[in-house]
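Both complexes shown next keep subunit A, but they swap its partner, so subunit B is in the first and subunit C is in the second.
So, the complex of A and B:
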C-alpha cells in the first residue's frame, strides 16, 4: 500500500481549510473519492483536486508537497497513520489529534497540536505560538502525545496543557507553560520571559538559563531520578537530556506561588557552572 | 540412575501454582542496591510463616534497568494476588522506600493482573507527591530526605510455580553442605527462579501437619538423621545429613531447568539425591527427577 501523494498546484489567495488532509479521511477512499473531497476556501466550498495534484488511494500514509502556509487544520483530529509534509504548513496542524504521526519538513504556524490527546508531531523548522495549547475559552490544552519542534516557537507554548510532552529545540517566546496544569515542556535552548507564569502543575525543563519570575522559589539542586527515565524516552526521539551527576545537576524552582501552584521548573547547570557557584 | 556416585531416586518434587510479582530495584551503586535487595527479600522464606517467598532473581547491569543505574530483579511469590499485593506494599514501603537512593519499577509490564504499588505508597508524600506519565507508564515521585523516591504506579502479577525442591543427602554435614551450596549457586545463576531460603538452602525441611494442633507444618522427620532410630527414615543408608533446596519459578520449565542444573552441580560424591512430595495428592505440578534430568528410563 503506497502513500497517497498530494502536490499543491498553487497557493490559494485566502486561507484554505483542509481538515480532510488526514489519514482518517483518506485511508479508505478511492482516488476519485479523494479528489472530490470538500475543502473550504474562505466562504466557498471547493474540491480538493482544485488545489492538489493527487496520486494514489486507500492508504493511511499521506505525503503533501508544496508551500501550505495558508492551509489550516491539516491532520485535525487524526487518530492513525502517518502524514508527512514537505514544505511549510499553516495554523492548527494536528489540532485535536488522538493518534498517528505528523512530520513537517519546514515551518509550521500557530496552534500546532492544540488540545491534542495523543500521537506525535515533529516539525523540523520553526513553529508559531500556542503549541499544544488550549483554545481561547477552553480550560485544557494538550492531554497527551508528543510535539517536537526543532526550531524556535512563538508565545504561550503549552498553555493550559495537562499531559504529554512538548520539546522546543530553539528559543521559545514569552509565556511558555502559561497556566500549565501538567505534562512536560523541554526547552533545549531556553525561553524568553515569564516562563511558567501561573502554572499550577507540570514540569518545565530548560537546558539553558532562563529569566525566572519572582513567584518561583529556588528549592535545591539535584539530579531527579525521573529525568533518567524521561531522558531514555526522549532519546528515542533523538533528543539528548543530560541527567548524570558527573555532567551537572538541575536547579529546581517551585511555583508559580502567585496561583499558588505545584509546578516545577528545572534549569540545567553543567558541572563546571555548578562548581563555580 | 546415577550421576557419579550419586543415586538419583526415581521420585518427584510436588509443586503448587502460585502468584508472583517481579520488581526491578535500582540504586546509586552496588552497595545500596545490595542493602535494598537484602531488606526487601528478608523474612521471606516460606508462606507457611511469611507474607511472601522472595529472592533476587538476577542482578541487572545499568543498561538493562529503566533508569540506567545498577539494578536487580526481585521475585515475590504468594498463594493469591491479594496477599501478595499486601506483601509487596509492605516491603516496598518499609524496606525500599527508606533505603537510600532506591527506585522501584514493575518487572511484569505485560501482566494483565495488577496490584497497587506507587498508587498507595504515594500517600507517604503527604500531598507533596507528584506523578509523571512517561511512555504511557505512571510513576510517583515521593519527596524524601535524599531527594525523591521514584516508584511505578502498580505491579504486574503472573502465574508461577512454587515448591520445586530437591533433597541432597551427604555422608557428612560438610559434604552435604558443600553440595548444597554448589546447587544453590547454580540456581542463582538462572533467570526466572529463586531459592527463597537462607543461602538457597533449607535445613528445616517440613512435612504437612504436626502432632500439635496449632502447627500446620513440622519437622520432616524421615529426613532427620538423629531420628533414624525413632521413625521410618527415608535417608540413604550411607547418608548422615540432608539439606533441601526449595525453588519457586515463573514457569514450570524454569523450575525444571533449575532442578536439573542444581542436581548436576550437587551430584558426584553424595550418596543420594531425592525430592519431596505428598504422594501427588496436593500439588498440581510433579517434577520427576529423572525426567528433568532427561533420562528416558524415568518412571520405569
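So, the complex of A and C:
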C-alpha cells in the first residue's frame, strides 16, 4: 500500500477549505472517488482534482506537496494514518484530531491542533497562534496528544488546554498557556509577555528566562523529580530537557493568583547563572 | 470566564456611586458623557449628583478628564493587563508583593485603596476605552476588565461597559448578535454562520488578502485600518455606500452616495449601552437610503442562479 500523493497545481485565489485531506476520508476510496471529493473555495464547492494532481489510492498515508498556506482544515478530526506536508500549510491543521500523525516540512498557520484529543503533530518551520487552543467560546482546548513546533509561534499557545504536550523550539508570543487547565508546554527558547496568564493548573517549562506576570510568585528553586521522567518522554521526540543537579536548577513560579490558580512555571537557571545570583 | 455584566446608562445615572474610566478620555472624546449619564446628574439613589459619586481615572498620561476625577492613577503604558490581574488577585484577598506591583507604575497602597472603594460602592461601573482595548493584549485586556466586573459582583453590584465611538458600531454588533448569535467576525460561506475573530474579522481578512471583493457600509476603513489592509481594498473591487467622500470611497471601484441616516433617512441607532433609539429624519435627501441600496443589490443577486441549490454545500466529512 503506497502513499497517496497530492501536488497542488493551482493556487486558490481565496482560502480553500480542504477537510477531506485526511487519512480517514481517503483511506477507503478509489482514485476516481478521491478526485471527485468536494472542497470549499469561498462559497463555492469545487472538486479536489481542480486543485491537485493526485496519484495513488486506498492508503492511510498521504503526502501533499506545494504551498498550501491558503488551505484550511487539513487533517481535521483524523484518527489514524500519516499525513506529510512538503510546503507551508494554512489554518486549523489537525484540529479535533484524535490519532495518527502529521508532519509539516514548512510553516503552519494559526490553530494547529486546536482541540485535539490525541495524536502527534510536528511542524519543522514556524507556526501561527492558538496552537492546541480552544476555539472561541469553547471551554476546553487540547485534551491530549503532542504538538512539536521547531520554530516560533504566535499568540495564545495552548489556550485553555487540559492535557497533552506542546513543545515550542523558538520564541512564543504573548499569552502562552493562557487559562491553561492542565497539560504541559515546553518553551525551549522562552516567550514574550504574559506567559501563563489566568492559569488554573498545568505546567509551563521554559529553558530561557521569561518576563513573569506580577501575579506569579517564586515558590522555590530546585530540581523536581518528575522532570527527569518527563525528560525521558521528551527525548523520544528528540528534545533534551536539562535536569541534572550539577547543570543547574529550576525556579518554580506558582500562580496565577488572580484566578486564583495552581499553575506552575519552571524557569531553567543554568549552574553558572544560579551561582552568580 | 466572566462574560459581560452590563446595564443601561439610565441605571448609571440613577444608581452609580463609583465610576471608573480606564484608558479613555471622556472629557474630549465623549463630552456629554459626564453631564448626561455618568457623573453630574442627580439620580434617584444619588440625590446629590456629583457629590455622591467617586470618580477614578486610569490612564497613561494626564488628559483633560483628570480635572473631573477624584483619583487619578497614572499607569505605565502597556501594563493594563498586569494591573487588572493584580486587582483581580486583591479582590479575592490574595497576597501580592509590593515589588511585583512596581512594574505597573502604581503602588500596592493605591491598588488596595481602589479595591476597598470598589467593594464599598453600592453600584460600581467601569467604562473602558481604546487605551485599554487597542493596546498590547487587546481582547485579553477587555476580557480582564469584564472579568473583574463579573467577579466584583460577589461583593457588590458592578458593571463594565466599553466606551464606543464611530456612529452605530454598537448597532452592528447587536444586530449581528441577534441574527447569527455572534457579534462580529462571522463567515457565511458555508451557508451557516461561523465565528472566529482573527480568522474572519475584517482587518485580518484584508491584511492576509483572503477576500476578493468588499462592500463597505457606514465605515471608513481607509482612514483607520493598517496600510496592508488599505492596499488590499484598493486591489480588489470595493463598493462603498457613504453620504460623503471618504478615504475609502477614493480608493473604491464604486461609490454609491446615500442619504445621511438620522438627518435625511430614518433608521435605528444603538447607544453605547445597547439601547435602540429611533432616528427621525429632519430633512429630505435626493439620495437613496443605505437600506434601499442594499435591498436593490440583494434583489439583483437573488435573480442570479442559486449556487446553494446547485450543490453549494460540502459537509460530508464535518464532525
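Note that the second predicted complex is superposed on the first by the 277 of 277 C-alpha atoms of A that agree within 3 Å, B and C clash if a C-alpha of one lies under 4 Å from a C-alpha of the other, contacts with A are read in each partner's own complex, and residues count from 1 in each chain.
One rule holds for everything that comes next: a contact is a pair of C-beta atoms (placed from the backbone, for glycine too) under 8 Å apart; a residue touches a chain by one contact, two chains touch by 3 or more.
Values in this document were obtained by computation on a predicted structure and should not be read as measured data.
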Q) Which one hits more subunit A residues, subunit B or subunit C? A) C
Q.
I'd like to know which partner A:194 touches here: subunit B for first, subunit C for second, both or neither.
A. second
Q: May I ask you to decide whether A:232 touches subunit B, subunit C, both, or neither, giving the answer as first, second, both or neither?
A: first
Q) Is A:9 touching the first partner subunit B, the second partner subunit C, both, or neither of them? A) neither
Q. First (subunit B), second (subunit C), both or neither: which does A:208 touch?
A. neither
Q.
Let me test your reading of the model: by the given contact rule, A:47 touches which partner, first (subunit B), second (subunit C), both or neither?
A. neither
Q. Looking at subunit A, which of its residues have contacts with both subunit B and subunit C?
A. none
Q) Where on subunit A is subunit B touching in the complex? A) 163, 184, 201, 203, 222-226, 228-230, 232-233, 262, 264
Q: Show which residues of subunit C lie in contact with subunit A when the two form their complex.
A: 81-82, 85-86, 88-89, 92, 94-97, 100-101, 103-104, 136-137, 140, 188-190, 195-199, 210-212, 307, 311-314, 316-319
Q) Contact residues on subunit A for subunit C in the complex? A) 13-15, 17, 19-20, 22, 24-25, 38-40, 42-45, 70, 76-77, 91, 96, 110-111, 129-130, 135-137, 174-175, 178, 193-194, 197, 213-215, 217, 256-260
Q. Which positions of subunit B touch subunit A when the two form their complex?
A. 66-69, 103, 130, 132-135, 139, 141, 147-148, 150
